[in-house]
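Across the two complexes that follow, chain A remains constant while its partner is chain B and subsequently chain C.
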Partner chain A sequence: MDTGSHLPKTGMIGELSETRYWIYLLLLPSLVIILLVIAYPTIYGMAISFREMRLTRPGLTGWVGFKHYIVMIDDPVFWVALKNTVLWVTFAVVLELGLGFIAATALNRNVPGTGIFAVLILVPYFLPNVVAGHMWALLLDPRLGVINDVLVRIGILSSYKAWFADPNTALAATIFVEAWHGFPFFALLLLAGLKGIPYDLYRAAAVDGAGPIAQFRLITVPMLKSVIAAAVILRVISLVNSPDLLLILTGGGPGDATQVLSLYAFQTAYKDFNFGYASALSVVMFVILMVFAYAYIRLSKIGQE
Partner chain B sequence: MATLSLQNVQKSYGGLQVLHGIDVELEDGGFLVLLGPSGCGKSTLLNLIAGLDDVSAGDIRIDGRSVIELAPKDRNIAMVFQSYALYPTMSVERNIGFGLEMRGVNNTERNAAVKQAADLLQISHLLDRRPANLSGGQRQRVAMGRAIVRNPDLFLFDEPLSNLDAKLRAEMRTEIKRLHGRLGTSVVYVTHDQIEAMTLGTKVAVMKGGYIQQFADPQTIYEKPANMFVAGFIGSPSMNFVTGTLTSDGRLARFEAPGVQVEAPMSSGEIFGAKAAVLGIRPEELKIADSAGSMLTGIIDVVEPTGPDTMVTIRIAEQPIVARLPPRFFGRVGEAIWLSADVRSVSLFDAETERRIPLGTE
Partner chain C sequence: MAATRRSRRMAADILTYFVLVSMSLFCIGPIVWMFLTSLKLEADIVTQTMQYIPNRITFQNYVAIWTQSSFPVLIGNSLIVTLITIVVCLATGTLAAYAFSRYTFRGRNALMLGYLVVRMFPAVMMIIPLYVVLRSVGLIDSRIGLALAYTSFLLPLFVWMLKGFFDAAPKELESAARIDGSTRFGAMLWIVIPLARNGLVASSVFIAIAAWNEFLFALMLTTGQGSRTWPVGLQLMVGEFQLPWGVLAAGGILSILPVMLMFALVQRVMVQGLTAGAIKG
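So, the complex of A and B:
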């Protein structure tokens, strides 16, 4: 009997599905989307950094090679912004990690009735940057700010202070607002990490003679290393890339006291309409973040476990 | 090495009392097993001895010294957890030496102690590994190594074998017994496994509902259970219970139920008539007898040969009992069977209080 004649008739797609090219065909739609929304904008953005593109001077266009990068080396604002970015991100992350650890440890104690705080503590993080920024701008306002009022009444300040207008306090004030806004992110991730540590480890450590500090240092922190590393990388990327809080609080001022790279790139693009230079600044940020993430992962050795 | 004394130890969580006046004495070098079903308070009691939880009332003394005000680390105890509780981020070597490290013992001394413990437990080749790369049995050994390296006054074991498979469990049980024999350190051992209790303990405290039901050596607990709970909990297959009536003329007690007749000398001299009672006979004590003068008469219901024994389920006027009889048992299902047992091996319980009625054979 000729069994072949009983096989169902298949069309072109049916035949194709039997070949090794089928898998590529199935991957094609997502590949197209990735190319369109991720690869193209990224490469286009990098390409602009090697071109002249100013909306104020439409005639001035064309490839300029490394011109923008060479200009950047002699641009004092770039170096100030770079220094401020490092300061802003470092202090904000350290503060947020510290506050997040305190909050997570407190919430992990499972004291009855504290469940509501687990939600309340997340409120700052729920607030959009723009709302949080305006709220703190008002709270710290040099004439109307309730914080100035309180500080004067309890005698810490002799008169109202313009926190964001004073170059000596502007950066610190913005770091304070950012820490308030961002610490719940760490609290949430660290709390999830803490919940994953078996309680028996602490009981064993107590019997072995480890006090609370030794337990924290030798059990909690090592057990949370991967969580901490991941949270820090995510937060650093987010802080380096987001100019919105500073845009609302200070706009980079006074002078360039709170100017950071992301804000500088944003203003170069949308105030000066100099897209070529703004792209070059963005590429530099991109490279800095790549180097940071690589070095951090290597140093924290999370890849090995 | 040390003695352990629990005096009227009580523990409450809010209004819920989980331990009611526990009194236990353990001799120097003894092996105390806290045995009971889950929720009986045995692990809570162990935590109180360890200092991981505070007593509500009563006293705990190690070598005569009250320890209830002391932190766990100051009680000179070592504990092995059911989950092993090995520190995942540390090597086996550091895990074992952690207690010494915390006590500030210098490197040379620590390494020597760790090596000695590892040799004793045959895990020297594993010292560089992380706990994640060990098998269950190896983790168990590391956990024990962490305990013995400190040379404590008292070992506390919290169901240490319950996460192992049956074969490994039997091996480790023997290993623990060997270690105890060699080190001579007093042990408190929590388990729900009556075989572990019987094989390991020099003293067994059977617990239920926060009370000690019986505290004695394993053989006494097996032969003279203080109440029906202990009688049913110890032994596999468990003790047969037959309900009936008990009369006593002061000298001789007579237990009767349909198909059952047992006479035993009374110890108390108490005289009573027709009291509801429960007869307890272990399956392994039952022997085939003649129809004349037998204790039990019944119908064979199920025959289960296991190799070394034959388990026979017998219906005695609708009350099923199990007899462990020799192999090559030729009785057939539905046939009548007569059984007897040494009167010194039977137990009688008050049906109301479920307490043991002492017989003159004791």
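So, the complex of A and C:
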């Protein structure tokens, strides 16, 4: 009942909220949506991976058991994509972690103007993939790319280079672009981690005669370990998951030089409309991702509060 | 002794500024170059000698993308899809975030874990069945269908971010209102939600930016003018018409303007929310 309260009356919902059904009323709307757009599609998607489903050939349908998974074992593109996924994710994460750590350390010194620098350093993370992709395609263009021009001027290159068309540099170039796009995420999380380290620890260490390097090794790294691990796992998951930049920059080429699992699965669905095989590929990705998800949950102790 | 300490401090400050300035240039430089390109005539972009500062400034690239392509329609579609996504997240996610933040109930931890893990599912694994399902109910190439697909990964994210902000809102005022005779619903609506309004705005903006930028789902789930969003439209223009660089750059600048605006408005609160949501415990 609303009697006596100074707040506006809330009518029937207000009365309902005093019953034991309140909690279910709060949870129901989002649960319905989650079941509809996540749970059902997920189960359905796994089922498709055991079926034949090609939109280009409607007659071809029915259960095929593990056929797609057996085909996958003999599919050379799958293995190349798997290898590239490992390379792409590993090098991108290492680069991003390094850049992010340098940025976070500099930002944590709180020199005047830090606020502005923090905003500028965050910007790439919010830039749409489509814009980031074409922007870097322009910067690295073999005919009119400004980076080629600068590198030739300072004598590192003798002539303009087609970074994305050369199988030897394509993967490295896309990793570089991905690192530009993703390193602010690490800067953000590591900065939060650094701010959580009590300053007294450093003061006490300095009194005991520890120099900057010893302080870094004995205080910063151990205190940041869980933040670093959490950030790395989250980033690995999102990198395995999102083929956007590769789709825009190279489309997996030249040849299969930049083909990764997520892109291969997407193209199998989008270009060939072979939903059965694409689903099987994404189920394999799902299994890989869930290993990292499990590690993240164990690490962050979510669900044990 | 004091002098060496002061000079060491100064050296560290100089090094800090050097790192911050070069990192900022690394982050912003490419965007500035895109902006300069959007102001150049095509003849000045495709030249023998690189023009670092444009010789002539023109706005014709902006006029071209806005009047000679379907760009306004694409932007309109993106706006509507983004708005629907936010409304759905706000209406349903706020309640769930509040429940997770204030009540303990059976299955709470398992449910919260579920909301976390579904975000980590492969996008392609969701896109294929969503395509089949949406097609069978006539929601392919529909802005509502695309917004619904977006909630599959943005609603869980929204709930987790907002729960963090609700957790941070003091519980005393709420208890006082309850003692005062307010219903639970009244206390939530008139006390807790206003207290967490910064968090609501920040979480909504984060969702809005993600929906505005999204490319992969939109590429698969939109097939025509009716619902195509700007990232898909821009990408297809590049492929179909050999879009001139200047026009493409102008389109890029126009489409990131809303993102930059929203980011600037709420970056401080949003940064708090992001970090609080990502590293717990």
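A few remarks follow.
Note that the second predicted complex is superposed on the first by the 258 of 305 C-alpha atoms of A that agree within 3 Å, B and C clash if a C-alpha of one lies under 4 Å from a C-alpha of the other, contacts with A are read in each partner's own complex, and residues count from 1 in each chain.
Quick note on the criterion: a residue touches a chain if its C-beta (ideal position, glycine included) is under 8 Å from a C-beta of that chain, and two chains touch if they have at least 3 such contacts.
Every value quoted in this text rests on a predicted model; they were computed, and no experiment measured them.
Residue by residue along chain A, chain B and chain C are tallied for touches, and C comes out ahead.
In the superposition on chain A, A:Pro222 makes contact with chain B only, not with chain C. By the touch criterion defined above, A:Pro167 lies against neither chain B nor chain C after alignment on the C-alpha atoms of chain A. Looking at the shared chain after the overlay, A:Trp136 reaches chain C, while chain B stays out of its contact range. In the superposition on chain A, no contact is made by A:Gly255 with either chain B or chain C. Chain contact summary for the complex, chain C toward chain A: residues 12-13, 16-17, 19-21, 23-24, 26-28, 30-31, 33-34, 37, 45-47, 50, 52, 88, 91-93, 95-96, 98-99, 103, 105, 109-118, 120-133, 148-149, 151-152, 155-156, 159, 177, 180-191, 209, 212-213, 215-216, 219-220, 231, 234-235, 238, 245, 248-249, 252, 255-256, 259-260, 263-264, 267, 271, 274-275, 278-281.
Those residues of chain A that touch chain B in the complex are listed here as 198, 200-201, 203-211, 214, 218-219, 222-223, 225.
Remark: chain B residues 50-52, 71-73, 77-79, 81-83, 85, 87-90, 98-99, 102-103, 146, 150 touch chain A in the complex.
The part of chain A that touches chain C in the complex is made up of residues 1-10, 13-18, 22-23, 25-27, 29-34, 36-38, 40-42, 44-46, 48, 53, 99, 102-103, 105-107, 109, 111, 113-114, 117-124, 126-131, 134-136, 138-139, 143-144, 146, 149, 180, 184, 188-189, 191-193, 226-227, 230-231, 234, 237, 240-244, 247-248, 262, 265-266, 269-270, 275, 278-279, 281-283, 285-286, 289-290, 292-293, 297, 300-305.
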